[in-house]
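The same chain A turns up in both complexes below, where it pairs with chain B and then with chain C.
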Partner chain A sequence: MAEFTLDCLGEACPVPLMKTEKKLNELTVGDVLIISIDHSCAMKNVPEWARKQGHNVEIEEVDDGEWEIVIEKTK
Partner chain B sequence: MQKKTEQYDVVIIGGGAAGLTAGIYCGRAKLKTLLIEKSLVGGLATYTNEIENYPGFPEGATGLGLMDLFHKQAKKFGVTFKLTDVRAVSLEGETKVVETFRNRYEAKAVIVASGGKPRLTGAKGEKEYLYDKGISFCATCDAAANTDKTVLVIGSGDAAIEEGIFLTKFAKKVIVSVMHDNGKMDCNEIAKAQALANPKMEFIWNTVVDSFEGEERLRTVVLKNVKTEEKIPVTVDSCFLFIGYVPNTEIFRDVLTMNRGGYLITNERMETNISGVFAVGDVRDKFLKQVATAVGDGAVAGYGVEKYIAECEIFEQQILNQGNPSLVFFYNAVDAGSRELLPKLEEFESNAPHIRVTRVDTYKSDGIAKKLKVDRTPCAVYLEEGKIAGVCEQEITVEALQRLCQEIF
Partner chain C sequence: MKQFFIRLGENPIYKKLLKEPLTYIAGAVLLAVFQIAHFSSLGSGWGVTSTFANWGAWIFEALGGDVSNWVYFSGEKAQKALESSFLADGGSIRNLGIIVGALAATLFASQFKFKKLKSLRQAVAAILGGLLMGYGARMAGGCNIGALFTGISSFSLSGWIFGAFLLAGAFIGSKLLAKYFM
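What follows is the complex of A and B.
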């Protein structure tokens, strides 16, 4: 149950989603990936994609317009 | 993993215009309020580049900008935000439970503001290419990625045409599949005229999607002419679906009353079939779905929750009176006849110190009257051991009230 981080600050869609997808592939089930983003568009497609894959998703607003998407890999 | 339990007065499911407005009203009423949003606060409005018909913004506003203001206002009134999706609900009991994957939230009332999600075509191959694989639902999100590319837009409503026009700022060509005859669209006339005059836009009339094809990524969308059955393959880089929405109500199935389309049925107070559960905004079966109407729904439900919680407390503590004798007098403050009975009630009260007397003005709210099945004023209800022991509706006098309470002894 390791924790990984991915810095996507300053990156617009679809870059955060592509990076997330790639990174999550390298992880094992139970691992947690924390993605830092500041583009609101990534708030839509990254959680949406991850949930569709069946992973657990929770988001923290760390600052005004800055978020951390927490994905727990489930399969 | 053990879920953590937290208590709130009210949990709002969904952070669009309706949920945020309900949050503003609940927060301002000093209720401990939690709003759960699955991704970006602001909901469907954030998908719109321009909102021109929301009053108070004569210059227009961006969807994201407007919703940001709603969000700030809700935060100002102390609403707690949690950005995750709701997994399950249990609404029937006095205490409602809303579960996310890590937490269990208990609340006295729940407001469902879960809105909708984009409708799919149901065509072959669709599931393989959703989101990052070529089928998109958000022009604002994916426009930049389609710079100098060819995109296909499905639909001819306001969203389809306006977002299609927006996409022409990036894409080299925007092809629109319209199911109607040549020149006929579902959108407003201004958008239609703009679209027809746009050199980058091309229309394929009388068509619907037959299948989505490609390999790793979407490559071809095969359209079908609804009149001739002719198949038209269109090579594209991305396809945007704007063919309406379906309500997000799966987790409420068999619990809340909904219409055939899955939209929740409420009365004009936004109350669902379960007391203490309200529904607002696009998830509700209603005539017009706009930011302006969502705001109205949210205000009504926020006020309704405040009243519901206050009345639950009065009912529990004062009217049920731990099973001890309790008399409830219902009157309507605007009706002189029932108002004039108040001094008589005072006289009765001073002679019966062992009975707890509660006065309920139904003009302010009729929640308690409904709980005791009282539908007219003036009316007196006598309770013992938490149950209705007698009702007096006509000729309410001190003697009649004494008789009402004495019959029991």
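What follows is the complex of A and C.
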């Protein structure tokens, strides 16, 4: 049940999604990954991909144009 | 005043319209409607990158260059565009509208942010990608708007062929991105 962070600030699509996919592969079930993004299109495609994989996803707007996507790996 | 804006930001209608992204379907329908409006009022389909070539030529000529002998600008249409000016050129205004509209949308959503450059590598990737896209768009006679979207919506086979190669290019491009820039 460890918590990991992934800094994708300043990165445009599709880099945040590719990095998330790679990082999530390294985690074990129950781990939580927090991704920092400031690219609005990643705010759409990263959660969409993660939900499709069946993970629990939450999005938090932390500042103007800045979000944290929280993904709990479920399988 | 501040209270008002905080309350406005929490208003569900405001959130739905200006803050949350449109669904893909809503975006597609709007694009189709505007494409039809563009075609019926101006007699030509929507394009973006041809205008960039004119901007480049104007800058080059302002610096003392001469493009009048270039094959690309030898056609009648290209000559006319060259003789026109930024404010008189519909394509320039349309592209300016995209930029201003995008800025307005991000401000309305209160999502404006200056993004930091992460590394030199990222800057190189962005410049390289931009140059390749611009060069490719001119070689293909259009970008994903002029050649793909307008092409397909006017029942042109070339749009579908462009689309096939666009997918191939995107596939190779993302493999290269993963290999060298991540």
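We take it that the second predicted complex is superposed on the first by the 75 of 75 C-alpha atoms of A that agree within 3 Å, B and C clash if a C-alpha of one lies under 4 Å from a C-alpha of the other, contacts with A are read in each partner's own complex, and residues count from 1 in each chain.
Here is the rule we go by: contacts are C-beta pairs under 8 Å (C-beta built on N, C-alpha and C of every residue); 3 or more make two chains touch, one makes a residue touch a chain.
In this text the structure is predicted, and so the values were computed from the model without any measurement.
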item	value
Chain A as common anchor, with chain B and chain C clashing or fitting	clash
Partner chain in contact with A:Glu48 - chain B first, chain C second, else both or neither	first
Touched partner set for A:Met18, first chain B, second chain C, both or neither	both
First (chain B), second (chain C), both or neither touched by A:Glu58	first
Partner chain in contact with A:Asp38 - chain B first, chain C second, else both or neither	second
Chain B or chain C, by number of chain A residues touched	B
Touched partner set for A:Gly10, first chain B, second chain C, both or neither	second
Intersection of chain A interface sets (partners chain B, chain C)	14, 18, 40, 43-44
Residue numbers on chain C that touch chain A, as the complex places them	21, 106, 109-113, 115-118, 122, 174, 177-178, 181-182
List of chain B residues in touch with chain A within their complex	38-40, 46, 64, 81, 83-85, 100-102, 130-132, 138, 140-142, 144-145
Chain A residues within the chain B interface of the complex	12-14, 17-18, 21, 40-41, 43-45, 47-49, 51-52, 56-61, 67, 72
Complex contacts: residues of chain A adjacent to chain C	9-11, 14-15, 18-19, 38-40, 43-44, 63-66
